[in-house]
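Note that the chains are named A, B, C and D in the order they appear, and that numbering of residues resets to 1 at the start of each chain.
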């Protein structure tokens, strides 16, 4: 099979970016929207074609093969070189499908959503740049290529969050997102340096080969009881955690909601934020085999904690996009958890499959949720759920698709989220009871906050609106309907036939017992939300009062932002940078100036010697002669 | 006898030299200088260089000192007191001079001079011959140079001193 | 040659006069007195020429001749210097060293 | 006339032509023509070099040697390798762009262009010289017009800054000259004649003691120009006061002479000295990297930010050079090129902002993207390139340096490398702070100033600089291969 055409999936969005970016002044908005959508449409079709080709013909001896097309971009040493190219294997193909689907839908949707905006063309240019970077990240053949596109993704995210660049909150959110992820990328980069130094390669295929020397023999050096590779992997995971908004590097994600809503749907829900999950999945064999999966344990616990943490915060937020943002964080934690509890071979690799499965379904319903939220925001120009109510009357389509997505994420039987979540819980149940319990609890919480959101927006009492809300145009509803379709039916794909840790298809069954438990918990959540929020009641306020300060803590997102602000402003800026600037001005520079000034002062002092009085000169002359005479006589008589 | 005369002369020379460089009245200083010059001419006479002593008296005592006196009278009131030199400067100068004196005397007094036996008395004619001699060791050329110099100085002194009066 | 007086004593005398002249040259503030100090210095050196001629090389005349030249030079120099001083006096109405500092830094 | 000497002759001829010009219009056209020829020659030189390199594998190509001062065996000795070729190309690019940026200089335009071109003459001469003494002479030619350029055409406390800059660089020159003479007088250690020729000295085993003594002198002498901590303080004030084109040329090119000199003279001729002093200077360079970044965070003046950023980025060059391996050296050279272009871009942009608003205080500016879309966009792109975004030259350079530096086995170098790598976060902080404040956010600028959008000459100037940045960033392989080949003989001396 030849998959080299996949490179066009990469190049089309780049071309879009260049065309729209350079022509942003000349191309008319209507045309640029069409150009963007058309380009992504082609990428979309190519991706589905690739998926079809690969999953039907990509197997040899029942094992999915890897196809690599690359050339050397920079070579450092004989062994270490950065290649650019495409790598086709099950997870990259799956990601291609995810990214191209969501990106295409968002392009279509944005044509309606962004209509009339000043930077319409610029917006599509940035979307093109993002799609290019994300495809590049997905198709990376080696860890350094991944890092390169990882950075590019970060930058496109920066540009898109800061799209409304005159809004100070958007600018600071963009900066925050970039700097926090950059900080995480520092870990990533150091991990790469460490890993590449000890293994002598960047290449995923060499690194991940379970029969290869790196995994079977390991590396001799160890540090604090763990092999260097484990350390490197943990550092790399910091990078992944930064992009995927895992605790404690999640602080940028809620703020990132300052960007236009389609961007949140594309970048901060479906694609970029799962890059961390993809990274761990990409290096799964290495994670799994080095030091008996120590790094993987870390992934599992970070994921589990983040999912719980974010779910709790999501309960109390009023900004609908922020609720969705924390929900995203929580669901990504789920995926991390699934990866972390996974094993390698056959059915034991259920977690790996489940994680990818959930990534896939989550992308669909979360993007849909965001697009739905965007549709609502578009209609009433507010993000706050307290400004909304009874919108089902005005926005029937949005209401239905939103409900589908909410049911899907809550794990309602028959919807996509149900299947993927069930696999995750099954994997956790088999391997780690604690994480299983967290998972189940989070499932309940998810159902609750999702329906809190849903009821608050579409039910409840009708708020007074400045102008009557109206349903969004077809350009926005059609993509939502498509995603709603996916949110239901994506769950029926037999993922285990396509994706598994060891590349061999296996049979995964629905575990009825676990499914019943999870469903019950989910239903309890929904019912509670129904009781609380379906009709205006004061139950919610009573709950708030009952939890007291814990509610406050949750509402303020456990003050993590404040801690960060304290560390950066008070410690790094005030205690490090400012003293350094002071030091530079008053010590280093002052020393240099002092040398200059003391020269001037000395010369002021001694210029009197050159008095212009011949008597003084004569005196110096005779004095000098006398001194010389003394010296000469002294030497002479010695 | 001669020793005593020499010491008296030496005393006069040194005392008046000091007085000459430290007196605050300029005319007195000039007169003290005259005594010094005369004392030195006395020493010339004592070493039997009568011609030289005579020149010393004539040129210095008769010419130079008169010039000084004239110039002093031209530019000063007779009773004008000179400005006092700052003590610091005096001390530094004194230190330099004393050190220099010390090292010079030490050099002179430790140097073993080979004193020759008494020679013949120098006649004026000898000097005249020597000055105008064109043989090896003759001084005709410097002599002529000096005479030209003196002539030039004469003209120069007139030209300069005549000058143009600028401050009316 | 002076009976009972060695060259050392006369040289000592001339050295002392020389340094007195130097001292005067250093400390005097008036151009005329400075010139006088120079006369002292010149006389001391002339005396040295003569004495060394007499005591060490009585058969030669060089010392004497040089003394004559020195006296001649001194006279010339004095004449010229005094001319300059007088001219300067016309110009700045002073012969003090401190007033002639136009070229000082 | 051979291909290299022309690089000195053409600017000199341009200067002569400039003397006869009358006003701004004439002088800028003459300067532009002269520098366009220079740029064309530089591009031609790259191809000529590649062609010649294919058949000739000596260290230096196009060598030429003429006796200049026989008593001390000083030659006019020239030759280039890939590094000098690239540096020459960088210089002519920056100077050419600088003339566009100074298109509207109204104050003594003729004299301005003359000084600028004399300065560039020195730089070109420096890069082609193989004789230490000739090199030193050209170095001084490059440093001295700077005083006039800042002192006359500068802004703010210009006399002060010019004085500080010149004095510190002269102080460095003093150290440097002692070092160079030290090398010279030891160049006969193997019995040959004393010589200033770099290639000849490289054949001599200079005594170890002399190497230990003279290495710090030569290193510091050059590194002051490369803004080595703690000798960097001339750079912020100097840059802040200098006119735009001069800042560009100075930060973009002149500061590169430091790294180049360290590479070409200090480390090549005194290898054992370099190894002896390695750790000490490595620490200084690493401090400089982080320190410059931290300093940049706290600055309020745009030019100061950029100047401290330069301290940080050039610290990286010295750091990479001291890491002594092929990869990091390649990184150092690319970083020199990349920083040269990017910092020139930054100064050009700052100059444009300053020219319109008459302030460089970031507190007084905001949201300029709205009214200056072109400048704003280029500003953002430059900022992103500066903080090491893939696709631009900075990324290639930094990755080479980091990967190279990490190839050392000892903990000391590892720790320093980690420290230096962490500067990428610091860089992001100050760049984004600057961009976020002045280009984004609510519109804010001093009242009553005109804000015309970018003129054609400004656009051309920026484009000239931006093109190579992107070229190196997207297609680094050609450049890295070229450099790697050329550093091999230099590296062998140190291994």
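In this text, contacts are C-beta pairs under 8 Å (C-beta built on N, C-alpha and C of every residue); 3 or more make two chains touch, one makes a residue touch a chain.
What you see is a predicted model; the values in this text were computed from it and never measured.
> Enter the minimum step count from chain A to chain D; a value of 1 means the two chains touch.
1
> Just curious, how far off is chain C from chain A if you go by their C-alpha centres, in Å?
98
> In whole angstrom, how far does the Cα centroid of chain B sit from the Cα centroid of chain C?
Distance between chain centres, rounded to whole Å: 5 Å.
> Taking each chain's centre as the mean of its CA atoms, how far is chain C from chain D in angstrom?
Averaging C-alpha atoms per chain gives centres 66 Å apart.
> When the centre of a chain is set as the mean of its C-alpha atoms, what distance in Å lies between chain A and chain B?
Distance between chain centres, rounded to whole Å: 103 Å.
> Spell out, as numbers or ranges, the residues of chain C touching 2 or more other chains.
Where chain C meets two or more other chains at a single residue, that happens at 22, 26-28.
> Show the residues in chain B shared as contacts by 2 or more other chains, in ascending order.
Answer for chain B, listing residues that touch two or more other chains: 93, 96-97, 100.
> Following the definition at the start, I'd like every touching pair of chains, please.
Chain-chain contacts present: A-B, A-C, A-D, B-C.
> Any idea which chain C residues touch chain B in the complex?
Residue positions touching the partner: 1-13, 15-24, 26-30, 32-33, 35-37, 39-40, 43, 46-47, 50-51, 54-59, 61, 64-65, 67-69, 71-80, 82-87, 89-91, 93, 95-96.
> Within the complex, which stretch of chain A touches chain B?
Within the complex, chain A touches chain B at residues 619, 622-623, 625-626, 629-630, 633.
> Could you list, by residue number, the parts of chain D that touch chain A in their complex?
163-164, 167-168, 229-234, 291, 294-295, 297-299, 326-327, 367, 369-370, 373, 380, 384, 387-391, 395-396, 399-400, 402-404, 406-407, 417-418, 421-422, 424-425, 428-429, 432-433, 436, 439-443, 476-477, 480
> What residues on chain A touch chain D, complex-wise?
Spelled out, the residues of chain A in touch with chain D are 25, 72-77, 80, 82, 144, 148-149, 151-152, 155, 158-159, 162, 165-168, 171-172, 174-175, 178-179, 182-183, 185-186, 189-190, 193-194, 196-197, 573, 576-578, 580-581, 584, 588-589, 591-593, 596.
> What residues of chain A sit close enough to touch chain C in their complex?
Touching chain C: residues 607, 610-613, 615, 618-619, 622 of chain A.
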